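Same chain, two partners: chain A is paired with chain B first, then with chain C.
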Partner chain A sequence: MKNKILSISRYLILAAGLIFFVFPVASAVEFSLRSYGNKGHTFANYSWIFQQDDFFTNITISLKLAALSAIITLLTVVPAVTFLHLDGQRFKRIFEFLAILPLVVPVVSLAIGAQKAMPSFIQNSQYELAFFYVVIAIPYTFQSLNVGLSSIPLKTLVEASRSLGASFGRTVISVIVPAMRSAINAAIFLAVTLSFGEFTLTSLLHWETFPVWITRVSQGNVLGSIALSMFSLLGAWTLLILVQTAQNVRKKRSLKSQIEENEEALV
Partner chain B sequence: MSSLKESTTRKSGGFSALLKTLPLAPFSFVFLFFFCWPIFQIVKNSLDQGKGHYGLSAYRLMFTKPYMHAFATSLQLSFFSALTAGLIGAVVAFYVHRSSAGLKSTIAMLSGVLANSGGVPLAFMFIAAFGAQGGIVTLLKKMGFDIYGAGFTLYSLGGLILVYSFFQIPLMVLVFTPALEGMRNEWREANNSLGGSNFQFIRWVLIPVLFPAFLASVLLLFASAFSAFATARALTGGSVGLVPLVIGSLIDGNVITDQANLGDALAVGMVVVSGVVMLFYGFSLRWARGR
Partner chain C sequence: MSPKNSEIKVSLRNLSRHYGNVAALHDFSLEMTTGEMVSLLGPSGCGKTTVLRILGGLDPQHGGRIFVDGEDITGSTSDKRNMGMVFQAYSLFPNMTVAENVEYGLRVRKISPEVRRKKSMELLEMVHLSHRPNAYPNQLSGGQQQRVALARALAIAPKVLLLDEPLSALDAQVRVQIREEIRRIQLETETTTLFVTHDQEEAMSVSDRVGVMNAGELEQIDSPAALYNKPKTAFVASFVGVTNKIPGEIDGKGRVRVLNQKIDLSKNSRSAQEGEKVLALVRPENLEISSEFDTDAQPGLVITKSFLGPLTKLGVDLGTENLVYINMTSQEARKIDVGNRVSVKITSEELMVANV
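So, the complex of A and B:
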């Protein structure tokens, strides 16, 4: 009896969750298909998106900035965290603390500071944004790399490689990077999604990227703005779900092959 | 920070030791130049009185009624949205935790996706659903519930809490679930075999054990709501006077005061509030781990 109540309430909660999350999405999709003057539903608002001259320009800018932040993350956060796990144990505490700090400082505050502190040759380049995106993402990228690396016996692997006579460069390329690949991928993924969606800092520094462009262009066309929003939300969700599913599948497969190898070794 | 790094390396021996910490250099440079330096600048600017004098007049203005009101509104929004999403998210996480592995991983994935979807598009989506002409509002009207007639409006504090829930409930599920993984089935069995009721189990075992982790998660939601900007700006324009929105209009020059560095003082104020919240977050996290 008790179990029955529990399972019924579980389904009720799941249903409520579904309603809360699915209804607004469905309702907004319906809205985005409306036409001015109530002339039935059309895809006109969606085709309007692609007729905008700036659509592709701004997507390209956002993609460029996302790629640049991925590269900067690779060159700054990845070496730092790797070092902390290899030789730099004594700095680990300090850097873990530092890596939380960008979460403490609201992005609005950072934006005001950025406007005051950056020399003009940096403020005049849109690529300054990528560096700030990297900083804003540090709490997430650092943490995800840190957690990912603590499950890999990196130090043992490196020592083994060096004692077998591999040079330092060789060790980095054929031991460290392959062992860290999935941890690095996760961090890069975080950096890319965060930079692609960043609005606060970008708009306060008066740059135009895809999210900022959406707000500007939607001021003249309500239905178009809803269509544009749904386009970017659904697009982002699909992409995120695809990447996560791919990661899960790979994880399962590597686990499975590991088990099979172990079984073979036993036989 | 750099002096700290230097002093620790010098202790352990000269130039070669410094060279060994080279992998930390790019990170430290970006962190110092694009994070610490701007923060230092807003603190300095907020104290700058011009002509080389420093003083607190910007802060004195910050502590007057309109700006204190903005802080109060921001805190109110953060408190209620964190509490609402925290309670609902905790219950959802609890039920998901007791479900099948398949459902668990699906919910975990969806939570990860939804927790990241703040920003302007989300605000527009809610305008389409819950705005005066929105689909859900018209549907409810046809069914006899005129929620706008009853005083609801999306462009208010309550509306913002509704919108924030959309990404804060999944965020709660995401950060609270690990705490549930630590629960043992034996506890319930022990409770039952000692004659405890379900209510007693929840009241005397579950809540005391999970409270620190719950508190930590809610504080994290609080901090995220406190500094959120894009959704609030797109949804309300400026009709709900939150601190980040006030700073935004100061930057854009929409609001003019004779105190040019008021924005810096407000920015420092936000850092202080959010710093205190994160400090308590750290404490409750330690408390939760001490269990």
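So, the complex of A and C:
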């Protein structure tokens, strides 16, 4: 009886969760397919997106900024957290404090301060945004890398590699990066998604990226703006599914090799 | 279990290292001959791992020099020392298969794939894992991982094999099995080996010599039997094996008066003044127990009785602060039960003493 109640309550919670998640999305999809004047459902709002002159310009710049943010994260945050785990335990508290700062500093202060701090040749380029995006994403990318690396005996792996005669460069390529792959993937995914969706800071600095453009055009076409939001959501999900699929393929390969090994052992 | 030959392979001279004001290692010297297996034993924080890490080039020393095969390698980095290492934590590269892990050091040395493959299979055969070359580390048990780590360390034909408590994460049965495998392989390959452990049974059972460390210094290095039977310091006597610490007093002839007996001080014992209160260090097997009254012995009450297979360990209250433990054959112990009144006598001719 107790198990039955537990089972029913489990399904009820799952159903509630699904309704909470699916209902708004389904409603938004339905809304985005409506036509003005209530003349049935149509894909006109989605085709409208691609007819906008600035669509490709803005999505391209957002994608470039996201890619640049990912590269800067790879070149700065990843080495910093790696250092922290290899030889910088004494700096752990300072790192953790610095990593949380972007969450407590208001975006307005960050925008003005960071803009002033930038060298003038970068201030005039939209690509300066990538540096700010990296800073905004640090609380998440740092934590993701920090937790990921805590589960790996990184220092021991490096020492093992070095004692076997590998140079530090070779150790980085052959041991550190592959061991950290999942943590790095997660950090890059976070950096890309946060960069791709950032609105406030970009808007305050008067640059136009995809999210800023969506806000602007939505003022003239409500149904089109919902279609745009759904389009963005679909983009994020596609990325998520691609990452998940890649991980599943690796897991399946590993499982397949394990099964083959066991079969060989039995023979 | 004697060393293969007396040629000096490793010479550590006057090593020192400190963390802030704390000396982790103080004026430490050790020589190892070719093919010898030396264990460093000691309590946590005594500096044994520090010695191993300095020899492996993983930590710098603040003083002293290191010679291997007569060559001064003090300033060289770990990748240039050609020393295989097995760590306490599992250290296999998770992205590589078992065979790739074993071949890693050979690949770094640009050895051809055919030779690498042959060598790795030989070593996997040696550690009984030749049937799992394509497994990944997460598909292996802890014991199997440490065996692969051993094969990987041996693949580079190291000048010295460094074992940093490699068995401490394994369960008791696997520990015994793998420590015997380590010794067998070490003897087969004649690899000079430094083994760091805090488990005295482990150190005593596989080593040619055992060094006991305390507070960054080497108290004594000797064969396991000599270390147990002829400890040179009170610390070694109390750290190696089980030792009873029984209160006593020094008499006018420089003997120790303990359990109604007067026994000579060991020549290795520290000197003591007449009338000084001391703790006599007595092994359980150097105590004799009898159910009959003896004026030369100390009367006591049996409090505990633990069956250990061929031996039985009795805990006797002799009126001292702690129980005194006595080992006897299980057959003899049948006559004595918990609650019996007994007489206890020291059988050794000389004793070491420690401060109260």
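FYI, the second predicted complex is superposed on the first by the 206 of 267 C-alpha atoms of A that agree within 3 Å, B and C clash if a C-alpha of one lies under 4 Å from a C-alpha of the other, contacts with A are read in each partner's own complex, and residues count from 1 in each chain.
By our rule, a residue touches a chain if its C-beta (ideal position, glycine included) is under 8 Å from a C-beta of that chain, and two chains touch if they have at least 3 such contacts.
The model shown is predicted, which means the values in this text are computed figures rather than measured ones.
Of the two partner chains, neither chain B nor chain C is touched by A:140. When the two complexes are overlaid on their common chain A, residue A:113 makes contact with chain B while staying clear of chain C.
With both complexes placed on chain A, chain A has more residues touched by B than by the other of chain B and chain C. Of the two partner chains placed by superposition, only chain C is touched by A:160; chain B is not. In the superposition on chain A, A:213 contacts neither chain B nor chain C.
In the superposed model, A:189 makes contact with neither chain B nor chain C. Of the two partner chains placed by the overlay, only chain B lies in contact with A:102; chain C stays clear of it. Contacts of A:75 after superposition on the shared chain: chain B is touched, whereas chain C is not. On chain A, the patch touched by chain B and the patch touched by chain C do not overlap at any residue. Within the complex formed with chain C, the residues of chain A that make contact are 152-153, 156-157, 159-167, 170, 174-175, 178-179, 181, 254, 257-258, 260-261, 264-265. Residues 2, 6, 9-10, 13-14, 17, 20-21, 23-28, 30-32, 72, 75-77, 79-80, 82-84, 87-88, 90-91, 94-95, 98, 100-118, 131-132, 134-135, 138, 193, 197, 199-200, 203-204, 211, 214-215, 218, 225-226, 228-230, 232-233, 236-237, 240-241, 244-245, 248 of chain A are the ones that touch chain B when the two sit in their complex.
Interface of chain B with chain A (complex): residues 1, 4-5, 8, 20-21, 23-24, 26-31, 33-35, 37-42, 45, 91-92, 95, 98-99, 105, 109, 112-114, 116-122, 124-130, 134-136, 139, 165-166, 169, 198, 223, 226-227, 229-230, 234, 243-244, 247-248, 251-252, 263-264, 267-268, 270-271, 274-275, 278. Against chain A, the residues of chain C that register as touching in their complex are 56-58, 77-85, 87, 89-91, 93-95, 97, 104-105, 108-109, 131-132, 134-136, 138-139, 149, 152-153, 156, 162.
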